[in-house]
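Shared between the two complexes below is subunit A, which has subunit B as its partner in the first and subunit C in the second.
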Partner chain A sequence: MNKRTAGDRVFGVIVTLILILCAVIALVPLISVLALSFSSKVAVNTNAVTLWPVGFTFDSWAAITGRPDMWRATLVTVITTLVGTTLALAITSLLAYPLSKKEFGLQKMIMVMVVITMIFKAPTVPYFLTLRSIGLYNSVWAMVLPHILTAYNMIVMRTFFLSFPREVEESATIDGCGPFRTLLQIVLPSSKAVIAVIGLFYAVTIWNQYQHPLYFIQDTSLYPLQMKVRQFVNESSELQTIAAKKAVNYTERSLKAVVVVFAILPIMMVYPKLQKYFEKGAMLGSVKG
Partner chain B sequence: MEKAAGRQGSVRKQSTGLGANFRKYWPYYLMAFPGVVYLIIFKFVPMLGCVIAFQDYQVYKGIFHSDWVGMKNFANMFAYSDFSRILTNTLMMGALRILFCFPVPVILALMMNELGSAKLKKTIQTAVYIPYFLSWIIVSELIFDFLGVSGLFNRGRALFGMRPLLVMQQSRYFRTVYVLSTIWKEAGWGTVVYMAAIAGIDQSLYEAASIDGATRLQKMRFITFPLILPTALTLLLLQIGSFMELGFEHVYSLLTPMTYSTGDIFDTYVYRVGILQAQYSITTAVGLFQSVIGLVMVVFFNQLSKKVSEDGGLW
Partner chain C sequence: MKKLLSLVCALMLLTGLVSIAGADEVVDVTVWGTNNGFLPVEKGSPLYEKYVEITGVGVIQPYVEWNGGTTYTEQLNLKIAAGEMPDMFNPNGMETQLIESGAVLDLTPYLETYAPNLYNLIGEEVWSSVKANDPTGEGKIWYIPGVIYGRNAPMIRKDWLDKLGLKMPTTQSELVEVLKAFRDQDPNGNGIADELPSGGRAEARWMGQFFAMFGVAMWEGYPQWDLYNGELTYSAVTPNMKDALKFIAELYQEGLLDPETLLNNKAQWDAKINAGTVGIWEHIPQECYNYAEAINEATGEQPDVALLPVIDADGYEGQGFYTGRKLSGIEYVVANTTDEKKIMAIMQLLNAYGDTSKWMDFFYGVEGMHSQTVDGVTTRLADDKATQQNLVLTPYNTISTADFQIELLSSQLGGDREWAISQAIRNVQELGQYTKLPAGDGIPNSIYGEYADIMNRTLYVEYATKIITGEYSIDKFDEFVEKWYANGGEAVTENARAWYAKKQ
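For the complex of A and B:
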């Protein structure tokens, strides 16, 4: 370290500056939309808002959070995420566990099936028609069932089960545990980290999903948050009408900003605490069976 | 377990065949059952549903009673002017994505590795990961706002005396927006794998290089970079293999009728024409065309990546 040349120091400074710039680029759009959501009508209309609220007000927030449909959409998103993640973890671990056992007679065959689903994606239209024919049209299940088993997550979990010490499972078997009890009471409790990671990825997928509700949900009372954002942002006539009233202290743009912040707030609140799990997950993916 | 099975086997007749396996290990069959049923309904039935690409599919007649038309849908498809447009757009955007988006995480990771302060590194990582966890709807709204008349982009232009430029409404900028938004959302997160690869590098290599008087740039160039190259190559091949998967949500949320000419891809076209306008057979033919090309690409590049590194490949 004491031999650092001037060139090395210059290099270090340049790299640091570039990376700080990258971090700023990643955050500026979010800070800007946050600032807009708390700014007054005059400030927004005169383009006075950059990265800090101008004419600080909660009026836009009050207008959006006062809407029952926003809360309804939040409820739909929360429930589908919770139910979906639970189901996903159950069905994924139940499939991954026997597939990690070479005694299981169908192991090879089912693994081939799983790999086929990874390399050949059924075209959208027959997929849509199949799901519609089993009654997923305008059903909340259309936002749950399509996400509860991902080949990739299943393989990651199976890889983890494969590395589980066999002696531990054997001693459980000798003590009279059947495969179900072994899985539930021995294997899963020691796999909390991998369960947490995979659960998080399922949860983010379901929370952020947009394609399935777009295809299947026509009934606006079943809209999840992402569809609500889309509805306000794209067919913004509704927000325009609200914002057109003279007496109000918000604009269409500040209302949109609130909707956006509202939809990302839950993820932003949990993300910093869970960051290390997410990182772990991304690395788990690079180990395969 | 094997010993126990062996002992049992010596007493009773060695059990063979699926029936015997089932009798002995039925709980495994029971466990796998829901997952297998799921795969059949959600993955395999839609694959069989591809037959409507060879039919004149009518909803009221159903898949079993619609008329068979052979390759007519495919012939029509290739004759469509729309088809060459969406094929060009898909290929162009796929190629641009690999060309411009793929190298960014590698460069970012190399630079992050050079940060002296662990605290600063952590902060920067946290910041650049964030966009990955936002949905495309949110990201597209951020982009529309940023590039709008009163957005930061045009206010920045105004500072330099330039007139506002409505980027999102002009077809010639669509692919640029697509590439830049991919980088904004995914490049930061893409560094995780490379950072893990860098963390696994033997520190004594750097020490030896320091003794030989190597500069930091030389260490990056001749130690770190070559050692993460196999990881990068594997990921590159897998990405080329799936280059037709541009992300329906991504493209659809940025697309407006004004940008169809450069931004409409297979996925968005199939949604509009197939699902919204209910032209099921022709769009299944389009989808099948895409899936088959995708299959060939994925298998080919997966094999290739297995060749270049022993733990490459998805399977």
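For the complex of A and C:
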């Protein structure tokens, strides 16, 4: 082992400091929104809140969590995310696996077709008309089916399968496994890292989706969480019609803050649990043995 | 396949027959417009029924995300591409394209006969502007315009003046004195020099007080077209603007404007006013009770938010004014159709929309949802996006007059709000004397043609902000005017003057 020189240590300190700075930059807006969500109406109205709640109150949170439509939207989002991610992983691995095999004759042609979809995106209007013509208008499936196969994710998964030791698959074949069984019982169980990473990519995409529900969902009872968030985050208009004063201790801005936190909370809770797979995931496709 | 097709045709015929058979039934009209997050209006819902009661027509409005208009336009585009244009909608900038392609209905033959209330209320003068704006050049009425009174003006903390023993400023030197006193003499009495004598928002917006005194036509920070030296000119490139910017830059140097003036967004600037730290600001006097009540909640003081009179500027011989506006954009176009029944239903709806005797009904919406009646007195409930459907038709805002606003405000007086709302009533009453309609009122965006940068006032904002902060000296203003004319300003001015000549 080499001894760490003074230069190494200084380098380490600098890197740590930069990383701490990055963490602070990422955290400050979140903390400030959180502080806003727990602050009183007067404090929010007069910009008195920075990083700590002023006039601490749960009123904004109570107002949002007391709305049945928020919970309904959460349910829609959770279900579409779960169903979507499961389907996406199944479809993606079923395409990525054969494309990683040289024996598969159409491999090259299909790869070219996949890459084409990455470069040329469908224009909005034909895309809308196509999806509507196959019955996805005003259907929860409009929030699931368009997301279940992403070219980029498929390529990452294929690259991972390419590095899978051939000997293991061959021995499985000798023991009598067909290709499906090899995939399901041999390859996938040892590919947890890539599945976790790709699954997370899909889950975050579906959780955060906004365009698809915006274009395709008219029925407000099918709105996912992000559409509800949008409803609150609208800038208030200059002209306001006179109406009774609200006898409540929250404002539009504190409600916005609550909704934003409400919508990212679940993803924030899942992320750290999946962190360990990311270390392996980051190495994907780097060196082939 | 053929069989299936003939079956579909037969079914369509049948549904057609059924709808003819039910001719007495209420006709539904789909209306698209602004919705800042309220619930949609579905068939059979309480607000739908209320509209049937008021107008005799069923009004349906799905939830269409507004988002400053961008998301709305996207979705409108998709609907039109899919062949499902709403029956009546705010075209939000797409009107020229739609009119030229024949997608919207020519309203000229219908309005006067079938929607006389609306036709007469809006008045011949406005209709002639609407006809002058016909992009096909045939002088037809393609849209229902928004018509408003000159509702924007600067306001001042009169209670601060009283406290410091100052009188209402009327000249430029008095104004500077007042601003200095606001800065130095702690008018809010909290012992901290936290007062911001005046200010505005990013892009030099919402500080009309300093433009008005030099005769610069300015609406919410957008330079307007008005007569300068007898010719229609963009107010940003006039010597008046140069004087205004010079004065604003001096105030900025002196610390008489919020140092963050050019960074503030609406929420940030409002928060400073609400905290009771701002002396003079421009907004909409008819809703000044919002500020008054917020200041009261934050500081415990009962402020007097008064109208600031137009200030006499040194060396300016003309009369300053607060810029009014009458023709305020486009509210609705009607989808082109040959379905007479639909057209008649829309006319019936528009006739009710223009019937001032029904405006309070539109304002109160659904009893129990938008308003409540206690002891015979009806009041509008506080806005609540969780429970309230979007009020689709708001003629009291889109064809607003000062008189009706006063009536509206007076109907909500009473109780512990009286002090604040009566300030708004007083301000709206006083506002008329200071307001002038610029000659270019109602000028269509089509005059800008391909010069989007001029329409978006890119160059103006750059020079105005740099001059105010002192990065550029005021001498740079002449360079701006030159550049502006060279980069399309010439052509745009020509178009604007041609429009004005036609309107005359």
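Methods note: the second predicted complex is superposed on the first by the 234 of 289 C-alpha atoms of A that agree within 3 Å, B and C clash if a C-alpha of one lies under 4 Å from a C-alpha of the other, contacts with A are read in each partner's own complex, and residues count from 1 in each chain.
The rule we apply is simple: contacts are C-beta pairs under 8 Å (C-beta built on N, C-alpha and C of every residue); 3 or more make two chains touch, one makes a residue touch a chain.
From a predicted model like this one, the values you see are computed outputs, not experimental measurements.
When the shared chain is aligned, subunit B comes close enough to touch A:105, but subunit C does not. In the superposition on chain A, contact is made by A:244 with subunit C only, not with subunit B. Within the superposed three-chain model, A:30 lies in touch with subunit B and out of touch with subunit C [touch as defined at top].
Judged by the touch definition given at the top, the superposed model places A:231 against subunit C, while subunit B stays out of reach. Touched residues of subunit A were counted for both subunit B and subunit C, and B has more of them. Judged by the touch definition given at the top, the superposed model places A:48 against subunit C, while subunit B stays out of reach. Legend: residue contacts after superposition of the two complexes on their common chain; A:69 is shown touching subunit C, with no touch to subunit B.
Once chain A of one complex is fitted onto chain A of the other, the partner contacts of A:220 are limited to subunit C, with no touch recorded for subunit B.
In the superposition on chain A, A:162 makes contact with neither subunit B nor subunit C. When the two structures are aligned on the shared chain, A:125 is found in touch with subunit B and with subunit C.
Subunit A residues in contact with subunit B (one complex) as well as with subunit C (other complex) are 44, 47, 124-125, 128-129, 214-215, 230, 253. Partner subunit A is touched in their complex by these residues of subunit C: 34, 36-37, 39-40, 62-63, 65-68, 71, 74-75, 77-78, 81-82, 220, 266-268, 270-272, 274-276, 283-284, 287, 289-290, 293-294, 297-298, 363, 379-383, 385-386, 394, 396-397, 408-409, 412, 417, 421.
If you check the complex, the residues on subunit B that touch subunit A are 1, 4-5, 18, 21-22, 24-25, 27-29, 31-32, 34-36, 38-39, 41-50, 52-53, 108, 111-112, 114-116, 120, 123-124, 126-131, 133-138, 140-146, 150, 152, 155, 184, 188-189, 192-193, 196, 210, 213, 215-217, 231, 245, 248-249, 252-253, 267, 270-271, 274-275, 280, 283-284, 286-288, 290-291, 294-295, 298-299, 302, 311, 314-315.
If you check the complex, the residues on subunit A that touch subunit C are 41-42, 44-48, 67, 69, 124-125, 128-129, 132, 214-215, 218, 220, 227, 230-232, 234-247, 253.
Interface residues of subunit A facing subunit B in the complex, by the touch rule stated above, are 3, 5, 7-8, 11-12, 15-16, 18-20, 22-30, 32-33, 36, 44, 47, 50, 91-92, 94-95, 97-99, 101, 103-106, 110, 113-131, 134, 145-146, 148-149, 154, 166, 169-170, 173-174, 178-180, 183, 204, 207-211, 214-215, 226, 229-230, 233, 253, 256-257, 260, 263-264, 267-268, 271-272, 275, 278-279, 282-283, 285-286, 288.
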